[in-house]
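Common to both upcoming complexes is chain A, partnered first by chain B, then by chain C.
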Partner chain A sequence: MPEEREIVMKLWRGDAGGGAFETYKLPAQEGEVVLDVVHRIQATKAPDLAVRWNCKAGKCGSCSAEINGRPRLMCMTRMSSLPIGEITVSPMRGFPIMRDLVTDVSYNFEVAKQIPSFTPAPKPPGGYRMSQVDIDRGQEFHKCIECFLCQNVCHVIRDHEDNKRVYAGPRFFVRLAELEMHPLDTLDRRAYISEAMGIGLCNITKCCTEVCPEDIHITDNAIIPLKERVVDARYDPVAWLGRKLLGRPAPLSAVQAARYTGAASSAARSPSARAVPASPETASSTGLPAD
Partner chain B sequence: MSDQETHHYDVVVIGAGGAGLRAAIESLTTGARTALVCKSLLGKAHTVMAEGGVAAAMGNVWPEDNWKVHFRDTMRGGKMLNNWRMAQLHAQEAPERVYELEEWGALFDRTPDGRILQRDFGGHRFARLAHVGDRTGLELIRTLQQRAVGLGIDVFMECKIVRLLVDRDGATNGAVGFWRESGRFVTFAAKAIVLATGGVGKTWQFTSNSWESTGDGHALALWAGADLIDMECVQFHPTGMVWPPSARGLLVTEGVRGDGGVLKNIDGERFMFNYISPYFAAETADTIAEADKWYTNKADYRRPPELLPRDEVARAINTEVKSGRGSPHGGVFLDIASRRPAEEIRRRLPSMYHQFKQLADVDITTDAMEVGPTCHYIMGGVRVEADTAATTVPGLFAAGEVAGGMHGANRLGGNSLSDLLVFGRRAGLAAAQYALSHPAVAPTESAVVSVTEHALSFFAHDSGENPYALHQDLQETMQSLVGIIRVESELVEAREKLAELAERASKLSVEGNRSFNPGWHLALDLESMLACAFCTTLGAIERRESRGGHTRDDYPTPDPAFETINMVTRLSGGEVAVTHLPRPAMPAELAELFEESK
Partner chain C sequence: MLRNDRWWLQPLATVLGLLAFVAYGTWTAFRGNHYFVGYPRDYLSPFYSPCLVNSCGKAADFGHLGGIGTVSPALVILIFPMGFRLTCYYYRKAYYRSFWASPPACAVADAGSTSPSGLRSHYSGETRFPLVLQNAHRYFWYFAVLFACILTWDAVEAFRFPGGIGMGLGTLFFVINAALIWIYTLGCHACRHICGGSAKRFSRSRVRYRFWRDVFTPLNHHHQLFAWMSLIFIAWTDLYVYLVSTGAVHDPRFF
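Up next, the complex of A and B:
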């Protein structure tokens, strides 16, 4: 057992109108994580302290924050792993503040609505067959717990709020990569990925990969392959012909892509935004503005 | 209605875990205007914590498997207290529901010939759990979430429902809640409501459950006049983490044992061989040699005792610890390190590897884990009709953990995710059909105002009592008096303490304002937790036998007289009352499945 030690934790308190760090002191307990200490502060000193959390086991991705300036999950950061001395916990900087440690992450849920859905090939008699090796990469992407730490650190949007209108962010590049690489999916989202989701804005600084608590290789395994596919789709006539001959659907046309672009940019922050249709065939019937 | 925010829907689904999402999808695609309301952000519900898999007799690994075997395992695991019709529907429909997830994009682990792989789990005769490593719940919730979002379902996130509204005829016509962010109230006028709010685990001190598991749906149903059944049947999962203290209760998947892990006491003995009850003796290996051969040859050998149903294993661990043969931190050892290659452990159990490494500095590929029982699941719940998930209140439906009956007195691992899918779908369908055949509803303003005034009353109280302290007292009471082993004197003591706690809870005072105020939210959650704790305690006093998750030290064996009844708790004159309800008998063609083993 370690000797009695005092924790000094500075928590950001406030709301959209402003706030400041408040300092709390309490005795250390064995084996605690940062979220335990935040809970003890809540229970004994600040009952209205706002903090999001659910599972406290690194599985739900609710308790994202910046601990000593570093984006992490509070539930998976052991106190003993932090340097001795004052610890600061602040809300994710990449999202608007709601209150205390809670931020408005609705941007992510709006982008999620824009992703063209999984569209499988018709089920053959006897059901689908997929080999494990063909889904390993997809399973890596499915580990994502939507903590949005990657979105928080991506400098394309962290420092440029306006880009949120034209850029999906690393979480959704992982999502798009999982759909693009899914053995059963038939939809070609490449024009959409490049134009509406703005993948070209990413310049591969790998900040997202560094903070991923699930160790998903976001840059190497999702973003770079997507960038390559997008380039192939545009400039490679042989690949285009091959797709034609193999009977895979053509990439979304420029008009359809423009429709998606319009939908994504006008609806990204609007609470009434609805999902983009799942396939080009249904796109014309939705009445979405084409501008 | 005044300036109060009001939304009109055919169907409102409360809770967005697996059952709620599946219900909402079915309701919407049946043609009902559907809203999904959840306490947290979408995709964070307790379903994400399910690890091992979803049980479905697809027969991909063992062609001998079929719904009848699954049905029989489920009923025997539940000590025959299950609603047989629910268990039948569940076993019959689970495979279809799993294949449907695949059509919606889920990526389950594969067999060598490319089909969905299935793993062994406690109480299941064959390898039956479709899984994704040890994060199956995440795959399930994300697949359903993306399906729901793709369909354009209206989702109300971080919105807590405080009370259901009921018309003069006793039918539900809406719900009142508040936005957690602003604290502002919102009314839903709805022809039908589906409760899919999960469990009650936060009522106990050591639990695998997330903060949301406060029994909201159980309490909403009770207050609206519905029957609850068998609330005394609570499952303590045998393997939760016991160290460090802050991680105490965190789940260690049964998949560790399914994949070959064994339980040992401080002397290194595989003690489970000492706890094989006569009920399961015929199908359980009685030597280590036989047990170890079973993993690869299920036709000729019997199952290792480590894979007995959860209630049996939890009691055995409890006895070992109490007899002084436990591990240093008050659990027992779960060892897979000496049984399987490190690479295989990391591949099959990645989140367990991660969890122990990060939280306890234990490498599970080289060292044994320390584990002990943790409150995990409530088998009891809202009384429903098997085929439609309809409760005893017209217009009110319930599915998933909040519903009772499916699992009897003890739930088998893997049967929860399949339950969510099968009965989530059935509830959504039945709610939509009900709504589409009923006229519009209009909750009265006075009903709404009485709820909002009550919710705000905590800000006016000056008792100085803090909800966090009261929650801790409640958890300690339930842990020490209504835990894994129960006795009448302690249960009666618990009932008295709960009455005192309820009195204190009604006077709790809340600091700060209404904007994202967790203290206020907890004060309201405590009302639900206390209501559930009462029902559990009253049921536990009344069920004078030991069956499944309900173990009475003073009545240590099952009593056939209690096998034929459900313990019903309902409100009567403002008080919770207990009554015995005879259970329907199983038809002969199903009953004969059990003949051979009796």
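Up next, the complex of A and C:
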């Protein structure tokens, strides 16, 4: 009979006011994921532990956290895949802490309202038609489970809280790429993506791609194609000349595109005044140790 | 810092790799000699191709631009391949992470955000001068296609032997070098966009779609690998030409 192994897990406990890591020890069990161990701790040692989860199958995107400092889904991280020794589990540091492992991800929902929505042409007689080759590209983006691990790891906002006011973040570049590549969509969001969504802040260092549990190639397939589209619309003199010569319409301005956002229906706004509330609580002010 | 794995290994390796190339490239570019084996081999170093100044002599396949004093012929043309690599999306990632520590690794703090001096505390990414110039990458790509053609020509010339067609070990290196340059250049993100991905409806641009799906996307998927392979091979091909030219190495002839 194999010797019984012990798990030493350090969980971050606290709230917006501050907190610290607490160490829990419990016997290892066969075939567990990190979320199982957190649940066992909650059941046997810390009944007031706050943890968000739903499906335990990597599909709801609720259980995002940082395991040994790496952003991951707790339900998809096998204990056997972690190095032997102490394991730390901390909340996502990119968002304000509510309690223990639970963070307030509402920043993301605010950004979502700023996305100019799907805008098809009026339905032709007989309905819309799409070929499979036209929608293949977008299918990858549909896999997103909105776990916001990419938003959390992106250094543009993780390390520079002030950018939250001007930056949409990788999850929303995925959404924007999906719309820009949609065969039926008619809206031109390129200037908006550059000015209001802040795509120029991304320096394509690919951490979003590294952490995405759905294996979406965020940087290669969404962000860089968007950056190239922005170059077409804003930085390429030859593309500009081509539009002039061929009589093609100029790119839609960011202000015009902003009229198609969900947020615009409630209040007229210019893209320079994004209504994303900069959260007063930076992660570092909540007592989490620095990266 | 909660990451306890060896996250620093990759940036460190990148720094060492890139520095080694820059050091080698500087030595080679300023050397200004032994870049061409005129006889009995027609080998021209990729660092010096196309050779455009008067001092190139028989290495100049595309005519002479002029004298330009004693400047090494490499310095006249290197701005194009250098600009192409510097603005390449992969190399950008590589040096932002490893040299600029922005960020050094995922979930490891940006150098700027933790500096006590407050220097670099504001992050503006690629939105301002000079980094906004990265958007010119596609223009370097146009030149890169031209250079790939020229290096292909050099590979063809490497089959020229006294008395007709032949092949030496160097010829093989020139062919591999040209092939790697093409593979790297056609896997470029700007190429993938301009030549295919920019289409909104692939069903209306079948040819572009085919290229996008079967050529650009698969090559692009391994862009990092090809970036390194071609970088190493350029240096290697140059070194080989140097060794043959100085007589340190005898280039074996296959046929």
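Just so we're on the same page, the second predicted complex is superposed on the first by the 234 of 291 C-alpha atoms of A that agree within 3 Å, B and C clash if a C-alpha of one lies under 4 Å from a C-alpha of the other, contacts with A are read in each partner's own complex, and residues count from 1 in each chain.
The working rule: contacts are C-beta pairs under 8 Å (C-beta built on N, C-alpha and C of every residue); 3 or more make two chains touch, one makes a residue touch a chain.
Every value quoted in this text rests on a predicted model; they were computed, and no experiment measured them.
So in the superposed three-chain picture, is A:I204 touching just chain B, just chain C, both, or none of them (first/second/both/neither)?
After superposing on A, A:I204 lies in contact with chain C but is clear of chain B.
Give one of first, second, both or neither to describe whether A:F118 is in contact with chain B, with chain C, with both, or with none.
After superposing on A, A:F118 lies in contact with chain B but is clear of chain C.
Quick check on the superposed pair: does A:R78 touch chain B, chain C, both, or neither? Answer first, second, both or neither.
The answer is first: A:R78 touches chain B but not chain C.
A:S131 in the overlay: touching chain B, chain C, both, or neither? Say first, second, both or neither.
Both: A:S131 reaches chain B and chain C.
With the two complexes superposed on chain A, say which partner A:E228 touches: chain B (first), chain C (second), both, or neither.
After superposing on A, A:E228 lies in contact with chain C but is clear of chain B.
Both chain B and chain C contact which residues of chain A?
Touching chain B in the first complex and chain C in the second, residues 131, 185 of chain A appear in both lists.
Touching chain C in the complex: which residues of chain A?
The touching residues are 66, 68-71, 83, 88, 90, 93, 131, 133-134, 136-137, 153, 155-156, 158-160, 162-163, 180-181, 183, 185, 198, 200-207, 210-211, 220, 224-225, 227-232, 234-236, 289-291.
Which bits of chain A are touching chain B when the two form their complex?
Those in contact with chain B are residues 15, 29-33, 36, 42-44, 47-62, 76, 78, 98-100, 102, 105, 109, 112-113, 115, 117-118, 120, 123, 127-132, 135, 138-139, 142-146, 179, 182, 184-185, 274-275, 278.
Per the contact definition, I'd like the list of chain C residues that touch chain A in the complex.
Interface residues on the chain C side: 1-5, 89, 92-93, 96-97, 102-103, 106-110, 112-114, 121-127, 131-132, 135-136, 138, 189-190, 192-194, 197-198, 200-203, 209, 220-221.
Which residues, counting only chain B, touch chain A once they are in their complex?
40-46, 48-49, 99, 102-105, 107, 109-110, 113-115, 132-133, 135, 137-139, 142, 146-147, 149-152, 155, 157, 181, 210-212, 243-247, 250-251, 351, 354-355, 358-360, 466-469, 472, 510-513, 515-520
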